[in-house]
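By letter and in written order, the chains are A, B, C and D; residue numbering begins at 1 in each of them.
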Amino acid sequence: MDHRATPEQIDRVVDVIEDMGYGAKPMPGRQRTAIGLVGNDGRVESARLEGLEGVREVIKVSKPYKQVSREWREEDSVVTLGNGVVIGGRGVVLMAGPCAVEGREQILDIAAQVRNLGACVLRGGAFKPRTSPYSFQGLGVRGLELLAEARERTGLAIVTEAVEPEGVAAVAEYADMIQIGARNMQNYPLLKRAGRVGKPVLLKRGMSATITELLLAAEYLLSEGNPNVILCERGVRSFDPQTRNVLDLTAIPLVKSLTHLPIVADPSHGTGVRTKVTPMARAAVAAGADGLIVEVHPDPPEALSDGAQSLYPEQFAELVAHCGPIARAIGRNLATLPEPALTGAVKAAVHTTM
Amino acid sequence: MDHRATPEQIDRVVDVIEDMGYGAKPMPGRQRTAIGLVGNDGRVESARLEGLEGVREVIKVSKPYKQVSREWREEDSVVTLGNGVVIGGRGVVLMAGPCAVEGREQILDIAAQVRNLGACVLRGGAFKPRTSPYSFQGLGVRGLELLAEARERTGLAIVTEAVEPEGVAAVAEYADMIQIGARNMQNYPLLKRAGRVGKPVLLKRGMSATITELLLAAEYLLSEGNPNVILCERGVRSFDPQTRNVLDLTAIPLVKSLTHLPIVADPSHGTGVRTKVTPMARAAVAAGADGLIVEVHPDPPEALSDGAQSLYPEQFAELVAHCGPIARAIGRNLATLPEPALTGAVKAAVHTTM
Amino acid sequence: MDHRATPEQIDRVVDVIEDMGYGAKPMPGRQRTAIGLVGNDGRVESARLEGLEGVREVIKVSKPYKQVSREWREEDSVVTLGNGVVIGGRGVVLMAGPCAVEGREQILDIAAQVRNLGACVLRGGAFKPRTSPYSFQGLGVRGLELLAEARERTGLAIVTEAVEPEGVAAVAEYADMIQIGARNMQNYPLLKRAGRVGKPVLLKRGMSATITELLLAAEYLLSEGNPNVILCERGVRSFDPQTRNVLDLTAIPLVKSLTHLPIVADPSHGTGVRTKVTPMARAAVAAGADGLIVEVHPDPPEALSDGAQSLYPEQFAELVAHCGPIARAIGRNLATLPEPALTGAVKAAVHTTM
Amino acid sequence: MDHRATPEQIDRVVDVIEDMGYGAKPMPGRQRTAIGLVGNDGRVESARLEGLEGVREVIKVSKPYKQVSREWREEDSVVTLGNGVVIGGRGVVLMAGPCAVEGREQILDIAAQVRNLGACVLRGGAFKPRTSPYSFQGLGVRGLELLAEARERTGLAIVTEAVEPEGVAAVAEYADMIQIGARNMQNYPLLKRAGRVGKPVLLKRGMSATITELLLAAEYLLSEGNPNVILCERGVRSFDPQTRNVLDLTAIPLVKSLTHLPIVADPSHGTGVRTKVTPMARAAVAAGADGLIVEVHPDPPEALSDGAQSLYPEQFAELVAHCGPIARAIGRNLATLPEPALTGAVKAAVHTTM
């Protein structure tokens, strides 16, 4: 309360809180009176209190999310993908592939390469949200079909982005995990649809989303009945044009203290430039990430999008070589493809000679 | 180019630029060689160049947008709404109303009040994008119907938000202007749909969108054939939790130098707290805004959303009283409802006694 | 407290709070127990509490500053300068002049011009803090002498910057008001010295300082015995390279609600580019600023620093012409030089023919 | 140039550039003409060009710093401290100790502990810059004496902060390395003094300093003749109150590509909370940091400042245990005390039984 608040104004706030169904506990202090709201279940409309006369500030003590919180579920959640790979367990999962699916040869080639180098999941965009309307927007459903073919040949699970509610079903039909991109983190109709479609969801943190907002976006997915949610730190906006985004790795231990959901890091978008990807991939594993999602392209200078941040396959090999010992230094390891997937993959590797 | 770039690397960059259909002009300097790309039409994929060996940085000199730029159209664009009100001309247009349509009595009451106080446009959300899945999400189509009824009674034009591509047609059927909210500024499927539906669009700047990104989002609308776009500054994210958003009023003269499109300001979301709305509304008019969009509620403490930043009607009256002389100080005035709408409005005022 | 906090951990926190001399009030809630600290006098070391086991978060409810707060002093403070001009009253005070004092002719010329156009205070740097060691660093004491000469001839008060503790005395000897620049807002030895020297202080907000930090920096000055402090909003750092700084005008009504100190705005540094200065100057007055500090140079393209944001004298004339009616629209006016100063000034104007 | 710039305006810009002693190379493009400035030696006052008519934007291509750049010196700089420890070589140097020196027993105790656990440098503030004037401000010269005693007993080198120009000499007399804190990164009088005093300097990145500004601040030190500069990433300001600072680890590989100077990370200030320190310390080593500076206190809950982010000695032991294998995973190791220092240290360890 303001220090000039009258006893009547204080009483009015107490009344409103009780009217909302909560307990109110006034604490007169030296400068002013604070009123504690007891029993907050995450549904309090604080704006209603802020609007009352004599109220100076509404300070939130309890968290506005429920099902995603550690209070709701103490132990870590693990998400199992279609090929048996587990995210959120002891193994650090590598997801790799091009920014966009550009054609059959490109995607089958890179899928085989990243699989042989240690990836368990293939990334690749079929629908691309682009800042400019004049940029390449993806191959659409044809891209999804090519991803499915790559899965058959390699045993990799597929993660690819859905960009609108109507498109979720199609993506879910082909993909093992639906990606919600940073620009769509607060696209609620999209989140609701993704929450109902029965496939794991990789939810990227918005460009300037707070951790609380990220967790509330995840709450949209869980509240629709989908517990298989993986968070992704991909860099936040900052003031220095030289670093474009700041990969906020502190978010990893922070998120792990607040939620039971797994979290992975995207050092490609998080840095925007190839030479910074491997150092930040190493750092993310060291900070405790449950996985990495990395852009790798067979020929980055020819990439139709994000070429500057895509690794050459041999750079990805080096990344894997560095990250293994780092994972082991903190009691983890790099996840590997389960046996059946592996067997399929070996066969695929033989056939990907095109 | 990097200072260690070899002549071969420089030649390779020149080749790629020419291969892309542009001119290349190398300029050897003291520290390193710069290569100018001549003839950029806004379609250059800079990532392709960034990926080449020896390239240190790609610096953009020309703008990535076209139709929204002052170069494309020298004179100011003006947008005329259904009730004849013009945005982007000499008159500063006041848009006012509640955050959300909550019921028939509420919306008809506030519509009559803001109309009598000087507003030309009624705002009010029927579909609400809310950070938490547990918050009030709007009345939906019923809300649109009530807005249309308010228009009939008052002569006000209606602006309300569309939150997903499928919903655009319904909103366009009822509204005079479709709002794209800050969270959806880069929701491209939504922008494309809104660009094709034939109604003016109010495009809000994203929470941490640069001016370039805002203009590129507007380019999506224009490139679909819709020239009737109004930009809206509504505050950007900053580091000080005490001010929540920072209403970036410098964006107003800046946008006016870069584009021919009108721009309005939203001091309600821009500040988040009632006592700051009127000072910032005045400041926005003084900075050259073509209009204001303000939250006004008949009874803010009972509002279902955004109560803390909604003005009481008498506070809106004061805002109008302040903004008129400020508009005149810079050679403008406050827009008024054109005659026919006015006549209808007077009748409506008589009937809104409910 | 964490939701897993044991009763022993809760008791320990209560003990520590009481040991620190405050009251402790535990409030068991649905998710977890909150403990209110009662009687905070602004000296609580919250870090000590954050370090205790079972503590999840320390949330500050009372303000950490004292003498600068509205609670400490209800009515507005006003600061009277050497020439009788009052900052913080009804009159909006214009301060104008070049970024740096460059020579005798330049400073006497521009002083006479801005005085005749309506300024009451002359700004001009003698000591310049420059980002690069290779930039012009100011004329030093010679610059102070020239400022004093300009004061004698025009009746303007002088504001100029002190950049190190040892330099404060010299600046105080010549200037009517000591400026603490944005980079030095948290230079505590400098603040302490400025707080003891007996001249009013113009304290600029740091590049990314929160309002709380700005007020705590002012508290350093007041706690040394100097009540004559004027705050200055000069733009904060943001993510958009196109706007350089964001002039945070919401800070003006916000600061006025938290403190009794006057606040002025610097639209020159706040925007960094000449064409944006006048719109933002108007906006600052409309938002309630007690004054403006503006860079004006007789020949901006030849300025040794900040040429791009310096107004031509005729642009400053236009700024004054716009700001007068805006001030009157909100019940204020532009401050004028008191009679004696005015008389001196007229004489000076006659002699400034050099 | 603006697209409406006249040929005369273009010629004028060319003249000014040539007048400044550089070459000018106009490049007419599709939208507008760009003019390249050739021969930039880092001393160009771009503001002078920005002020010319018809100029739209001045875009910097070459870097404004010189001696700190990789162009100036290709190979990595290494800095050797008084006890023979080398920063910037293969060994990752651990610096540890309390936020502030609080008393003899405290500092001797913790010095012995961190030394035995693997630190090579003791940190500890004697002069503390505090946001509030009412917080503990350090023991001053007495603190320096205690640090010197701790060095004698342990063989550790000492790093401690200087907060004002006059204090540099005293700090340099006792310390092996002078720390310039984040708030003082642009305190130029302090930098100049520190550049002349002949001791290595640890320069912390400012709260919202760009990498370019950090390197320009370092340039102040080098241009005064001090080549022994170590940069320090300590977290930058962000929009999420939950993470306080964002430890910008991408800065590490970025800085290493731009400058030859070593860079270390401060995960204590970078995160502000104890449980995040060890994960981020690991991440910093994985990202390629040349060292860590970590707050460790014998009894954090009793610390006079920064208790919440100070590690317990056993937590520091765990940090060391994790960081060793991570350093080795990328071809480095943890630095150890050279023999003579070690011998002294062993003796000291015997005597620190107090």
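Methods note: a residue touches a chain if its C-beta (ideal position, glycine included) is under 8 Å from a C-beta of that chain, and two chains touch if they have at least 3 such contacts.
Just so you know, these numbers come straight off a predicted model, no measurement behind them.
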Result of counting contacting C-beta pairs for A-C and B-C, higher pair: B-C
Farthest chain relative to chain A (centres taken as mean CA coordinates): C
Cα-centroid distance, chain A relative to chain C, in whole angstrom: 41
Whole-Å gap separating chain B and chain C, where each centre is the average of the chain's CA atoms: 32
Contacts with two or more other chains, residues of chain D listed in rising order: 208, 237-239, 241
Parts of chain B lying in touch with chain C, wherever the complex brings them together: 208, 210-212, 236, 238-243, 246-254, 257, 270-271, 275-276, 279-280, 282-288, 322, 324-326, 328-330
Complex interface listing, chain B residues touching chain A: 16, 42-43, 45-48, 50-52, 58, 64-65, 129-136, 163-167, 183-184, 186-190, 207-208, 213, 216, 219-220, 223, 237, 273-274, 300-310
In the complex, chain D residues that touch chain B: 3, 25, 27-32, 34, 36, 38-41, 57, 59, 61-63, 70-71, 208, 237-239, 241
